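Consider the two complexes below, in which chain A is the common component and chain B and chain C are the respective partners.
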Partner chain A sequence: MGRRRAWLVIAAPAVVLFLAFWLLPMAKLAGIGAATPQGMDASAYWLVVTQPRYWQSLINTVALSLGATLATLVIALPVSRFLARHPDFPGRRVLMSLLLFPLAFPGVVVGFLVILATGRQGVLNTLSKALSGDPMVLAYGMAGLFIGYLYFLLPRTIGVLMTAVEGIDKHWLEAAQTLGASPWRRFVDIELPALTGALTAAGAMCFATAMGAFGTVFTLGTRIDVLPITIYDEFTNYANLPVAAALSVVLGLATWAVLYVANSLAARTARGN
Partner chain B sequence: MRHSRFDTRLGLTATLAVAALLIGPVLLSVTAGVTRNYFVGLSSGLTLDWIVQVWDLYADTIWRSYGVALATLAITTIIGVPAAWVLTLFPGRLSRLLEELLTLPVAVPGLATALALIVSWGSVGWLRSSVAFIVIGHVLFTLPFMVRAVRAGMQGADLVVLDEAAATLGASRRRRFFDIIVPAARSGIVTGALTVVTLSIGEFNLTWLLHTPLTKTLPVGLADSYASMRLEVASAYTLVFLLMLLPLMVGLQWIAARSTRHGGLGLGAST
Partner chain C sequence: MTHPLTIRLDNCAKTWPDGTRALAPLNLSIDAGETLALLGPSGCGKTTLLRMICGLESADEGGRIRFGDDDVTQVAPEARGVGVVFQGYALFPNMNVAGNVGYGLKIRGVDAASRRRRVAEMLELVELGALAERRIDQLSGGQRQRVALARAIAIEPRVLLLDEPLTALDARLRQQLRVDLAKLLKTLGITCVIVTHDQEEAMMLGDRVAVMSAGRLEQLGAPETLYRDPASPFVADFLGTLCRLEGGEVATRHGVAALTFRPHEVELAPPGRGLPARVQARFFLGSHIRFELTLADGQRFTALAAPDAIWQPGDTVSALIEQARVA
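Presenting the complex of A and B:
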């Protein structure tokens, strides 16, 4: 054991880097959030939870992220089941590559793609004008942001759910079929319970990713009222560091907590099976 | 086991719809980047002029992004591989805590990490104005991916036993590390390396706050072109970026297809 301990020292650079450039800076940021912004009479944390313009932004962000998460799970589930159940068909490899390629796209690029599809000069607008005569522009508001969130959440979710579907014991499904259970009953009684852990974990990952997304909304328009834009505005346009710090800490804690709880839940379900 | 026809049809429709949603806009972007006039359409003819213009305007951001990515890769490899080995050696509660901590910069939004770096280190003038500031941010964001990939590579072989056997035979730690542990973790290191470079080249959220006018990276240039350039130039720039990502993603998928341990790619760009 003493021999093993001698290895510990080689992990030191990673630990030092993390402490010096993340943990201590984050602690300092949290401290700044406790300061009182100029012309105010309470700490920034208090302002963030009491002033409507901040919690409105928080509510918008949570609602949008929750909506995008649920939509992603509902859409990704049939896709993952299809891909997991059909391991061989012509073009599957190419299809998988196409579905996974967007994993590497940063938010700014996703925002630009949303503009190309649903912006003023977008395909959707052209089609809509040709078909009904009315313009249809979604990109620069919440609808565009929602589409952007779907765009980057779907590839992340499909991979996770596919692995989970592949992990379901086929014997249960076969036994249920032999006993006369309909496809719907097999789905509800066997598949969904077996997938709960993966769905929770994927959902939490989606929610946390959406909550912190900045690049996408930055491209689509900085007038959309979501938390990352509010933080950015407070920092750059109003030089209101305490509020920017308080909002960052609240946002960071919220995303981390969601991920942590969901991962523990998922681990517990995985052990239970 | 037969699947119900409804299941198959729903699955196929959803899959094709998602593929269209994901790939359609990319095709639009690629087309716009090589079309003479996007408003007129393809009938205006194809051209590489926009790409040439992108090169004239933004070549420095492309080189800088490669530089930042390589520096990030060097650092994450040098500090990440040893960290992964220590985590493999001590699979207890403390290790889990350490890994959880190292993953925080991924779990917490990049904006928060960037602000924290600025309030703590922004006053150090030479650092604030240099590319090193961006590299530090990228290392924080990509290190967990390197550690996770390398750890996955170390779990297959019975490395701990091998290492102890070599120690008993009198091999020094340095020798064991470079002759046993690193070769055994090779595929994990390659996966981690491709992931780190892919993520670093596309990182925007941290970089946007950490950059200065003299240290613009590719995604910062992209945001700039989306805001101020005509659609064709923005698209051509995006096309250049996609072409840079392509070999990295092909490499990652090639490795993932060959490994049995993990199904998907453990990668997600900063959104």
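Presenting the complex of A and C:
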């Protein structure tokens, strides 16, 4: 009895916080989304799922986030493996600091960096013009967005994966080696399964971060609509609260759905062998 | 089982990149079908030597390693055909027992049906037939040890290498598995190297024992030879306890500068006949009693006596040292 009461004392503030700052605003948001926007004849949810403009925005967002997540994992895995396996090559600390430097940057700064690198006055532009006479500008299209996303996803992911690689027992790899496994087989049979958890967690974090990314896209002023920008537009430019709320709910649900599928797949791979 | 091979190491040394010497140049020949135990304290180079044999470490320039007539010095570990049981076993956590035991066969492209047969055979051999589908984290320490052993021999290795195979287990289980392992090695008839810091394990499992210290081979021989005729005080002390007394009373009674002897070579008698000593402590150990004693000048030594010995701490006795040896 005493133990149960102690639990209540500990749990009560958490429950209050959860209700006040999560459940109530969420319910309110979901409720606003059910309202009918001015001059329309259906609820905002209906509009959001039927109008191609919003659909396109959702597809853009999911595609870009999935692509950026996969690219991040593909780049970060070999880099993390190298850094974890070579704890003391010259310049390692400097390299680590450089890699982790953009961690604290807000999206606006990342967007600005992308413009500096690949914008109309950017380094890439100048270089390509000098080399081929043809200026190359990536910043304001899909490629620019993609580069921007990598900027803020890579440092986060490298940190997580490095720790995971360091956690792999090197005797597992040596045992596989003496049993005849080539480096590739050791990677596929032993390392990847050991990293599944970390890859899933890092991937989920990347995807969720990318889905909600705003500052970078905003700064790049791209023609491509992603959901956070669409929400911002509906909210500030058109004062269309119901649609903004409905889109927010859709953004949350889409993110949750993709993460759910990814987690189930990862769990199945982990059990599969 | 494949035909057992000799292992020959010629002039094998190991220097780490920072210049420290892990192993002084060493020549060693292990007979076909023989089990050699590498015995020594931690840091003596025994595991490095084992890793050199399986190829996970390379020998310094000029070293040669041969399996039979085959020079394997430049052969990668994955192509050497060695079965290794690692310290801590290194079982793959993402595979079940059958997956672990069959992994080497899968790598070799053995088809699923033959693989299943061979895995069942191996598990039968280590008496784990019923556990094929178990996850690794559901196994006890002793079971893991057997799975690691089954995994190593499933590939029909040319030589078998065991790194501290029983160290992770509790004393009682270790005793039993030692007997089982000795029997299994005899059945397999494979050339085997066992690394251990446990002298009893080395003497029970090794046809010959190589005692190592500070990167050098101190002595190589049958367990009995090493025990009865140690080449150095280090070997004598590592294989059991060695006591040493010198000067004063020892010189007068035995006519030598110093005496070295083993605790069971001392007989305790009522005062008067041998070296006068005082009982400091008495430990009853079932099959015998262990006495810690001191001479009048403070030198300490140990004696083992039959379980009916009557001496108590504080008693004065005389120590008759049977096989008095000149140190």
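Here is the rule we go by: the second predicted complex is superposed on the first by the 227 of 273 C-alpha atoms of A that agree within 3 Å, B and C clash if a C-alpha of one lies under 4 Å from a C-alpha of the other, contacts with A are read in each partner's own complex, and residues count from 1 in each chain.
In the analysis below, a residue touches a chain if its C-beta (ideal position, glycine included) is under 8 Å from a C-beta of that chain, and two chains touch if they have at least 3 such contacts.
These numbers come from a predicted model, not from an experiment.
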Chain C versus chain B on the shared chain A, clash or fit after superposition: fit
Partner chain(s) touched by A:E174 [first = chain B, second = chain C, both, neither]: both
Which superposed partner A:A194 touches (first chain B, second chain C, both, neither): second
First (chain B), second (chain C), both or neither touched by A:G144: neither
A:G33 touches, of chain B and chain C: first, second, both or neither? neither
Touched partner set for A:R185, first chain B, second chain C, both or neither: second
Included angle at chain A between vectors to chain C and chain B, based on C-alpha centres and rounded to the nearest 10 degrees: 90
Partner chain in contact with A:P242 - chain B first, chain C second, else both or neither: neither
Which partner, chain B or chain C, touches more chain A residues: B
First, second, both or neither for A:G203, with chain B first and chain C second: neither
Superposed arrangement (fit on chain A Cα atoms) - minimum chain B/chain C Cα distance in Å: 6
Overlapping contact positions on chain A, where the chain C interface meets the chain B interface: 174, 177
Partner chain B, residues of chain A touching it in the complex: 3-4, 6-8, 10-11, 13-15, 17-18, 21-26, 28-29, 32, 75-76, 78-79, 81-83, 85-86, 95-117, 121, 123, 150-152, 154-156, 158-160, 162-163, 166, 170, 173-174, 177, 183, 187, 208-216, 218-219, 228, 231-232, 235, 241, 244-245, 248-249, 251-252, 255-256, 259
Residues of chain C that touch chain A when the two form their complex: 54-56, 77-80, 82-84, 86-88, 90-95, 99, 103-104, 107-108, 151, 155
Chain A - residues contacting chain C, complex: 169, 171-172, 174-182, 185, 189-190, 193-194, 270, 273
Touching residues on chain B, where the partner in the complex is chain A: 1, 3-4, 6-8, 10-12, 14-15, 17-19, 21-26, 28-29, 32, 38-39, 78-80, 82-83, 85-87, 89-90, 98, 101-102, 104-105, 107-113, 115-117, 119-121, 136, 139-140, 143, 147, 164, 167, 173, 177, 198-199, 202-205, 208-209, 219, 222-223, 226, 231, 234-235, 238, 241, 245, 248-250, 253, 263-265, 267-271
